[in-house]
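First the structure, then my questions, so here it is.
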Amino acid sequence: MKLTLRIWRQDGPRDKGKFVAYPVDDVAEDMSFLEMLDVLNERLTLKGERPVAFDSDCREGICGACGFMVSGVAHGPQKLTTACQLFMRHFKDGETVVVEPFRARALPVLKDLIIDRSALDAIVQAGGFISARTGSAPEANAMLIAKPVADRSMDAAACIGCGACIAACPNASAMLFTAAKVSHLGLLPQGQPERRQRALRMVAKMNELGFGGCSNHGECEAACPKGISIDFIARLNRDYLSGSLFEKPEPLSSV
Amino acid sequence: MLAVLASYRTLLGKKGAMAITGAALFFFLIGHLLGNIQIFFGPEHLNNYAAFLKSTGEVLWLLRAGVLACFLLHIYSSLLVTVANQQARPQGYAAKRSLETSAAARTMIYTGSMVLLYVIYHLMMFTFLRTGPGYSPHDVYRNVVLSFQQPAISAVYIAAMLLLGAHLFHGAWSMAHTLGLSGPGYKPWRRMVGPAVAAAIVAGYISIPVAVLAGWVR
Amino acid sequence: MQLNSKVPSGPIQGKWEKHRFDMKLVNPANKRRYKVIIVGTGLAGASAGASLAQMGYEVDCFCFQDSARRAHSIAAQGGINAAKNYQNDGDSVYRLFYDTVKGGDFRAREANVYRLAEISASIIDQCVALGVPFAREYSGYLANRSFGGTQVSRTFYARGQTGQQLLLGAYSALSREVALGRAKVNTRSEMVDLVVQGGRARGIIVRDLVTGELTAHSADAVVLATGGYSNVFYLSTNAKGCNATAIWRAHRKGALFANPCFTQIHPTCIPVAGEHQSKLTLMSESLRNDGRIWVPKKKGDTRPAAQIPEAERDYYLERKYPAFGNLVPRDVASRNAKEVCDGGRGVGPGGLGVYLDFAEAIGRLGENVIRERYGNLFEMYDRITAEDPYRQPMRIYPAIHYAMGGLWVDYNLMSNLEGLHVVGEANFSDHGANRLGASALMQGLADGYFVLPYTIGDTLARVSPADRLKPDHPAFTEALDEAKERGRRLLGINGKRTVDSFHRELGKLLWDNCGMARSKESLTEALARIPQIREEFWANVKVPGGASELNQSLEQAGRVADFMELAELLCRDALTREESCGGHFRVEHQTEEGEAQRDDANFSHAAAWEFTGADTAPILHKEPLEFEYVHPAQRSYK
């Protein structure tokens, strides 16, 4: 099939950037979206033009490296799917597809479709961990965790950190990402001692980085390739508000 | 306690403040509605209720001050949040499709602003008696009936209540969610109960001008 | 060169304990003065980074991805083994040790494997403490499953995302150290060279993938945790970015490369759909528990599966291996698939696929049970192929999956270069010629959490931080100039072929000639062809863009250039190893049953190759392997 791609081209962080249209004539149905871009890039290279820069790695939907907007939807029209697992059979012959990077002040464009997601690392560094020194762990089965609790924690832990939630949010908020991490750890007994401090620190960091606030639109959940529920946002809110009521924010300490 | 105030520095803290004040205003709306619909029990009933309210003196003023404070904090926070949200994405999308959100959710700041304008007008009319046709401070029933007999006043009122409905359509669920009163299995709440509560409140309010215009209450 | 494995003396059960006591310690007050560079942030790198930073060392981590959390460890689905014996089914440290040595076809170092088994239980404890949401029973205890054909249930798992969850655990621990200022993580930073001076690893040269800037980083020890080299085959189950540049550059600087021909093939991958295919997707091996593998009896039978009557189907694994049937080990299943496809009986596009049929299992157990067991895998298959495996059989084909070979290391996980440690898949140590399912995650975390943190102390205690070279030392400036020159050269060729086209050509050649079945003939041919491809690459590749910018073509070009050299060593090792063992199958060396035939008399050694130049033959060093505890025996699955 034939498609027209309108792709965002931007040379560097300070470049203004613009859309460029690329007709692609022989798109096979069983190509992934990224493989189609590979094919386009090979041609651009041979023509002496610059290939389109985009992030990808595992190409099986788990590493979270890929992701951009495909005609207005993060990772494209297929639900619960990352861009690398989006296959061309879901597009119509002759369609024009708009491809642009995830946009948020906290996730600036580096080049073309590549964005800088180090803000997500910074949020995790602020508190997205359980402080357990290597070697200090007790016997794993000494602590029982009810299956529904472990399963629920796993639901939150499934986040791949791709940033689609932020891209889809009308406010460019990182609440779902943060909530997933806070819930994953906060649901588990071993995550209890730091539960509220974790929420306080991560929310403060998220705020500092310039993400928007949550207006409970639910766009994040709809765009999430792992289907992470906004119920976890309510949980984060609970931890944060109760933390504000009952605890003083403490700086992170190595002891 | 200081930590609670410190949390206002974050957007989530501001949202918390909006949710708490929103919830207070929500309950005020319900209380106000319960007072208003006494109009259906006749002039005496409503006027006695109004007299009772006034007789509480300082308590009434405290309540009014509380509602005013909630209003101000709600509005102030919403402005800060809206500005921050807009700054969070300086460059928008060329194409963006919404998957889940509602028109009501996207227009909260507008419906809220319209309701605010209406509230000012509403206070001028019924509380300060500065506008409206020939009011008497002691006959609330007559004031209401006289006003709503004018189709223009009723129309404005009904329109304002529909905007309020849109605000509550998203707000009723949203404030519960922001306060963490949500979890697995709450999705029906979001889809059904929130809008249903909003609809009930709005229907209750609108029933009054409709009844007056229809001549059921005169 | 004499290879010293530094395996401690004494009975195997006490070696690690004894060694931990014998190793030198770094004074706690001095630790912060030592700086360690870690390249790669997968399971091994991130766990090592977190642990070393906690101990007080200054840790500087580098990864080419945009976040440490994205390393390819994340893609492991199945699980992680540990000798906990929670199922009371007779598992023990010794049994895990035994299974691993035997599974590796007697080409691993016993002492290393024993230590791995010994440590395995602590890994689970550590991961749980860090919040890894392992699967649980309703009782609240940890759940296990049996995996990869072992007879005990020792595999721990977190849905189909065990690798991701384990990595997030290590990554979060590392993130905490970053917040405390004890570790640094440099993302989008690719190591392009190792700096060696006076026989010691002194630091690395790094290219900032965003700005293109090359910088020198000096340290008291360098740890490579950069994963495997399966992408030398172009199509593999590895992530697109996985590459061998770090270990290959170290090899060029003197580190020995051991057993490069030990590559593992996974039998259940989704077949190639077309020329555009960029990678292969693995489907969990557990599918073979209920699926039946077959091809049509007739050559070139193009009827849809449903129209082929039972009598005209060949359930070849069940026919040839009645005892194990569809559950034969990975290499046996893979080779048989290749054999039937080479015989013209393959199914699907290009005839490169065999059926994995669930019709019988669905009939016997009901669709719901199958959905419960494999629902997510069926969904994944459907998403990629648009075929519904509940209605028609899956098509599968083997693909390259894991590299057992890697840089040679001693018992301390140190290469032959002083101060250069290699952990995880990047080293050669623990899996021998074949890795058991769910053992890669175990090894990565064992190395990072519990081996390296001790052994690196022994390395560091021998040097003084005062002797660390300044990054403007000639050893660094020379390496910087070399790296710059290499980039300039790649950009300056401006030929007519893309980087990927060379990579595809190299990969296909390797897959055909040095893949599932290797012969003297095929390897000799490959060894003749590879230098030609390499020569054409350096004369005719087209790398657009410049050096001082984000340039993915240039990144890829550098990696492919290194693969070109590695490919040659891989084939040479395969040619030299005149036996079949584990993932290395030489058609000349098979039993009458078609099984791999080892030659213990001549090849019971690790083959460690020394680089002498891109165009000159490498020198082979042999580390003899002795089996005091597990006695070599011929595998049989009949």
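Think of it as A, B and C in the order they're written, each chain with its own count starting at 1.
To be clear about the criterion, a contact is a pair of C-beta atoms (placed from the backbone, for glycine too) under 8 Å apart; a residue touches a chain by one contact, two chains touch by 3 or more.
Here the structure is a predicted model, which means the values were calculated and not measured.
Engineer: Going by the average position of its CA atoms, which chain sits the greatest distance from subunit A?
Structural biologist: Chain B.
Engineer: Which chain is the middle one, judged by CA centres?
Structural biologist: Given all protein C-alpha atoms shown, the central chain works out to be A.
Engineer: Suppose each chain is reduced to the average of its Cα coordinates; what separation in Å results between subunit A and subunit B?
Structural biologist: Those two chain centres are 36 Å apart.
Engineer: Can you work out the whole-Å distance between the CA centroids of subunit A and subunit C?
Structural biologist: 27
Engineer: Centroid from C-alpha atoms only, then distance subunit B to subunit C, rounded to Å. What do you get?
Structural biologist: 62
Engineer: What residues on subunit B touch subunit A, complex-wise?
Structural biologist: Residues 3-4, 6-7, 9-16, 81, 84-85, 87-101, 105-106, 108, 170, 173-174, 177-184, 186-187, 190 of subunit B touch subunit A in their complex.
Engineer: Name, in rising order, each residue of subunit A that touches subunit C in their complex.
Structural biologist: 11-12, 28-32, 34-36, 38-39, 42, 44-46, 48-51, 53, 55-65, 81, 85, 87, 89, 110-111, 114, 116-118, 120-121, 124-141, 143-147, 150-151, 153-154, 157-158, 160-161, 184-185, 188, 190-191, 252, 254
Engineer: In their shared complex, at which residues does subunit A touch subunit B?
Structural biologist: Checking each residue of subunit A against subunit B gives 6, 8, 19, 69, 71-73, 98, 100, 103-106, 152, 168, 170-173, 175, 200, 203-204, 206-207, 210-219, 221-223, 229-231, 233-235, 237-245, 247-249.
Engineer: Where on subunit C is subunit A touching in the complex?
Structural biologist: Listed in rising order, the residues are 47, 50-51, 54, 65-70, 72, 74-75, 84, 86, 122, 124-131, 133-142, 158-159, 161, 164-165, 168, 171-173, 175-176, 178-180, 182, 185, 187, 210, 239-241, 273-274, 276-279, 281-282, 380, 383-386, 449-450, 453, 496, 498, 500-501, 542, 544-545, 549-550, 552-553.
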